[in-house]
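Across the two complexes that follow, chain A remains constant while its partner is chain B and subsequently chain C.
And now, the complex of A and B:
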């Protein structure tokens, strides 16, 4: 009879060793499988749409969300038509999802507050498994969410954000912006202003007291001064200000003959309304008609300011009245689905979603680093702004900029702005290094 | 000199709004002993009365105009307001043009009703509760009202223009012998100031010279004794709440053309109006009015470029700074009465 020398403890020990041995490869496989954050493994892929659903920019956010839903329909091939997929110069997307995976989405509410926006983005990444975050209607929010996406290892496709900083000093390797910026607004506007109002002008700036306001003031100041204008004063106004009368009343006393309103959203609606109430535009100063300029215009804002926008110059990223094929295809899809034309916020969000999907398709992977590589220095057309370059050095799109003017005789409630000039890309292009900041390395996460 | 006159003028209209809201707040606090944080929301609802009447007057039916096309290239549907059908185009247009002054008539019953419902439906249950509870419940109510308005009217400001006759501004400086364009003041703001003065005057006359007003004042001074005399003071106080709501509402109606109404405008005024009430003296009606104008004008001065250059950021803190100084030197406010909120 042979005696086996196996004690209870021995069995346990060897069992544990064997178990650990078996487990090791699984752990390794699991690690190597998830090469990046939220790698989609099933038949669908989740995108995170982070827009202001409450707060002062809620209407803009609602329009962005409509555009995202339309983009998802077009990507999945379930829409009434294919929108810009028909006109987009890259033909990688087939209308069968992204890389064959059905596109699903989750939404978050940024409330136009950086902390709320970060919290909702984090939740979409960690709980819902979003592989890309997009949206936003404020530069403060965009910069904050972009930094979060960089840490988390997902791609951030910025929505409406106009500050130079988003792709300037705060740029990140995982973040991309299609929308134009303050510098481009200044560069596009200045020649038009000089042509229409002359080179001998004295400007008075009222500037929203935050990041975007400063960069816009700086851009418009620099470019108009280069044309011969003089800046009489630049006054910061609190973001929470609603009645601007005490800021506007002293403008005429300063000897200025142009008022530049570096305001956006509700600020712009109120300051412009106040300026018109004070009759500034009926005045003759230095033997010239007093003029008002709004560097960043949006149709939703123009609607809020009503008849006060008539004849006032500004710049915009895109406008529904553009006659190119891409714009028309988008306006047709959006207008048929929702009954009114899309805003510039809707346009940039729609385009960003398609550009992301296309980059994934071309890269053959959702890996943020592969996607970033596919987007960098990508040239495309057919998306409403003519030939566009996604510059690799700062992840900023370079395209034509629209100079617009409040329409004198609008034919409908949407027909508020008319395009004065399409400023060519070359005129608004700048050196990537002028705003400082470092892209850093792309982060795939996990 | 001209800059000073300009900023005083500027302070007047803002001061008018503060005074009107603070007057209502003080009235409610004095009569009911309730700190009503929903008062700003009443101002906002007033402004939306103007928006609503404008919308009612511009209710339209669509007529297809085959000569024009819409943004999708289809024949354009043109909105024709029903008032055009009823009164003809010219008369209809001027009715729409005058929608803000007309909204005063619309707002009075609406605001009184809102006020009475608020008081009977919610606030009366909090009379005997601590002030902290009252603040919490009325603040909550303000948020609810705000969200209701946002749901129906959206988050963006809605332009509500003044009648064409009051567009533009007049050159006050030229009248006083200064250079042209140095002191300009929009006509509508002048209308607003006169309107506010009228309302404030009417409230004082009502409280001073009517039996109802006398009972209310007596109730404010000694509620218990008035009750013992067999007067149903509660009922009168409910009416006072309705009245205070109407005052705030009218302030809002007439403010609509100055700044396009949005759902948040009440909150912007509420905090400042509370400071006004405290500076004026809790429970003092003349104090509320005086402090309203005083702080409105000071705020205007503080946003002058020269002042900001001298003390950066002063425009954002001036009101609170003044409040601190006044409360340190006169703890009951400018015209506060002894015994109010000191128990």
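And now, the complex of A and C:
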């Protein structure tokens, strides 16, 4: 038996101590002096560039990083030229950093995994004091990091992410996307396909078995069916698949005369190569030439697939051969620094960085809420896509969409795609509410 | 103390002290100095240290004691995470139910997997667990069950996050525009207190200390299991399973129990991961994640008490710190050298940092396996022996050195 000696004073004392102990965390959190997460107080500001450096999208990631470095040079005014700052319709940026603070950056590897991407982003926010996170080359990562930034109270400027969900059902008040999405691809592609291939086609879909694949399949299906096409079958293929022969063989038996490859990156390179090797494109089905369509194209993919892309239609966010001033300025400074033209991933990341910097400059503050307000319903031009609107309702950019075709006679290893049509913004605009989701309120953190 | 002998009690106390003062220990370099790059004392990484420590401690109970090499433990971690996030979506953002349910669910699933896989041993067992884990990964990644029943179970590639409009029957409705945040009776996991001392800054994070308490509990449990008759049975399975059978003992219930216990540890780690960062992606179930815990355990020292914790710490440190050293940082380091020389050093160092951090991990792993097969713990012992100039026990008389019977 133990004997306890409790005095009234002792109980009161320990009670007071315990109470103080419990109250401590709340006192401390309330005490923090900064008005928002990672308020830059010194002479510099840190941005976090979170891109895939390993894994299936490492090529895109490397190109994105190049674009970010270029953007930082242009913002600080230390580059060989000023790139798109010359052509950008907003003239707020002075080339002396953002709000006079020198731009510094930290990089991280997302590994194209949402867990790794979040860990990397968290370390940027918690350790390096990044006030904005940007990058990513897949929608799963974009959605995960966007949610993290919302929680932590920093701005997220999405990189290459094409799924509807990023600014659809998973949209967040602190997240912004410049890249186009599956819906826009479908809406832009369908009329071109109808013009070239007729309106009574039977389509067969091969779809990468993940979120982006589904939304792309859905978008292309809906918009082509509206034109009178029929969808014969839609087959899911594992993301890790490298040999698609077994998926290509049943296509001809199905009676379909168009194959839609909802694949990206290495997947698309392999499936297209398989399809061409099977001689699909030389076949006559229903008295029509068999055709292949790739909804989301990129130059890096076209390079991987080589001669197989000739004559194949797809859509893209931007292409270096565009002749407007903004694109040319960007291609020139990127080419001077690195020796080759930038990809669409590089373009969207570069533009996102400038847009963020410009919004901060116009808002006069790094506070995420002020920045978000400056970006919402912001109209700009001279960034390579013509007149563009950052819609406030879902933080999605609305701009022209390019429909491209694999070039028949490429003149260089970069000149692989030709622009067939620039689909005007009005044709790809949709109502902000169709994908569900809630934006919520902006979160400045702390 | 707590039924431990003096040596174990000392170890537990040392680990507790290390965990308590981790924000100081991991942040040895002042802010803004060139070495600040190597500071690891920020909440995310500290949380990862202890959570993956739990994961490795649990794995060690199976692998270190019974010698059964499971290649599918990440699946249990993932299952625990999904269970936890569903608790947060349906019940409450308080982390307690999430963590408890994650342990229970992971225990149930590991019972099923263990029940089948433990019919075989050696490489066949490893392959079976790997197959189960990859199966579960695929189910989660394509959200097969969700699609089957027309709903969402794992969210596929995008994963799951608590949403504003989730039911959460125990919680009051969120204020307009508020983000759901994980908390322990109101104490948010993200809440931190920053202490500035001179040019140093130390961060004390609520979530970290909660995870650290869980780790200490897990560590204490592991010591008790190691020292129990049950632990002895597991060791006997490792040294000679056939002999155990011939003695008339059925080893299956023991191995199954060890498997389920380690599965529950994995579930606890998974639940804590969600508590600290409210998001689940299927990638954490991928086989490389299972391989990672094997590496952690072997790196630290399989079959030792503290080894797995050290191993997981080392691996997570390299993953998070080395991978962030980019060329720009290197240029800063070597800028004092003449041009040609600095380029040379940057090129060489660049091979081992940034996105190539895997190379460094691989090299260290190989060195450990070849020269100190007992892992970091053995390395520490050897260094300790060297420093104290203790005479190595002479093995020729055959009595002084006690080696395990393998």
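Everything that follows uses one rule, which is that the second predicted complex is superposed on the first by the 413 of 446 C-alpha atoms of A that agree within 3 Å, B and C clash if a C-alpha of one lies under 4 Å from a C-alpha of the other, contacts with A are read in each partner's own complex, and residues count from 1 in each chain.
Throughout what follows, contacts are C-beta pairs under 8 Å (C-beta built on N, C-alpha and C of every residue); 3 or more make two chains touch, one makes a residue touch a chain.
Predicted model only: the values in this text are computed from it and were never measured.
Peer 1: State whether chain B and chain C clash or fit side by side on chain A once the two structures are superposed.
Peer 2: In the superposition, chain B and chain C stay clear of each other.
Peer 1: Applying the document's definition of touch, where does A:126 land relative to chain B and chain C: first, second, both, or neither?
Peer 2: second
Peer 1: Which of the two partners, first being chain B and second being chain C, lies in contact with A:235: first, second, both, or neither?
Peer 2: First partner only.
Peer 1: Report for A:287: first if it touches chain B alone, second if chain C alone, otherwise both or neither.
Peer 2: Neither partner.
Peer 1: Scan A:243 for contacts with chain B and chain C and give back first, second, both or neither.
Peer 2: In the superposition, A:243 touches chain B alone.
Peer 1: Which partner does A:411 reach: the first (chain B), the second (chain C), both, or neither?
Peer 2: Touch partner of A:411: chain B, not chain C.
Peer 1: Have a look at where A:323 lands relative to chain B and chain C in the superposition and call it first, second, both or neither.
Peer 2: So A:323 meets neither chain B nor chain C here.
Peer 1: Once both structures are overlaid on their shared chain, how near does any Cα of chain B get to a Cα of chain C? Whole angstrom is fine.
Peer 2: 7
Peer 1: Just to be sure I follow: which residues of chain A are touched by chain B in one complex and then by chain C in the other one?
Peer 2: Residues 54, 58, 236, 238 of chain A touch both chain B and chain C.
Peer 1: Please name which positions on chain C make contact with chain A in the complex.
Peer 2: Checking each residue of chain C against chain A gives 39, 42-45, 48, 138, 141-142, 156-159, 161, 163-165, 176-179, 181, 186-188, 190-194, 203, 206, 277-279, 281, 283-284, 286, 320, 323-324, 326, 328, 354-355, 358.
Peer 1: Using the touch rule from the top, collect the residues of chain A that touch chain C in their complex.
Peer 2: My answer: residues 24-26, 28-29, 32, 53-54, 58, 105-109, 113-116, 118-120, 122-123, 126-127, 138-140, 143-144, 147-148, 150-152, 165, 170, 173, 209-212, 236, 238-239, 438, 440-443.
Peer 1: Quick one: which bits of chain B touch chain A in the complex? Just the residue numbers, please.
Peer 2: For this pair, the touching residues of chain B are 2-3, 6-7, 9-11, 13-14, 68, 70-72, 76, 150, 154-159, 161, 167-169, 181-182, 184-186, 188-189, 257-260, 262, 264-265, 268, 299-300, 303-305, 308, 315-316.
Peer 1: What residues of chain A sit close enough to touch chain B in their complex?
Peer 2: 54-59, 233, 235-238, 240, 242-243, 245-247, 249-250, 252-254, 266, 269-270, 273-274, 277-279, 282-283, 285, 300-301, 303-308, 320-321, 331-332, 335-336, 340-341, 411-412, 414-415
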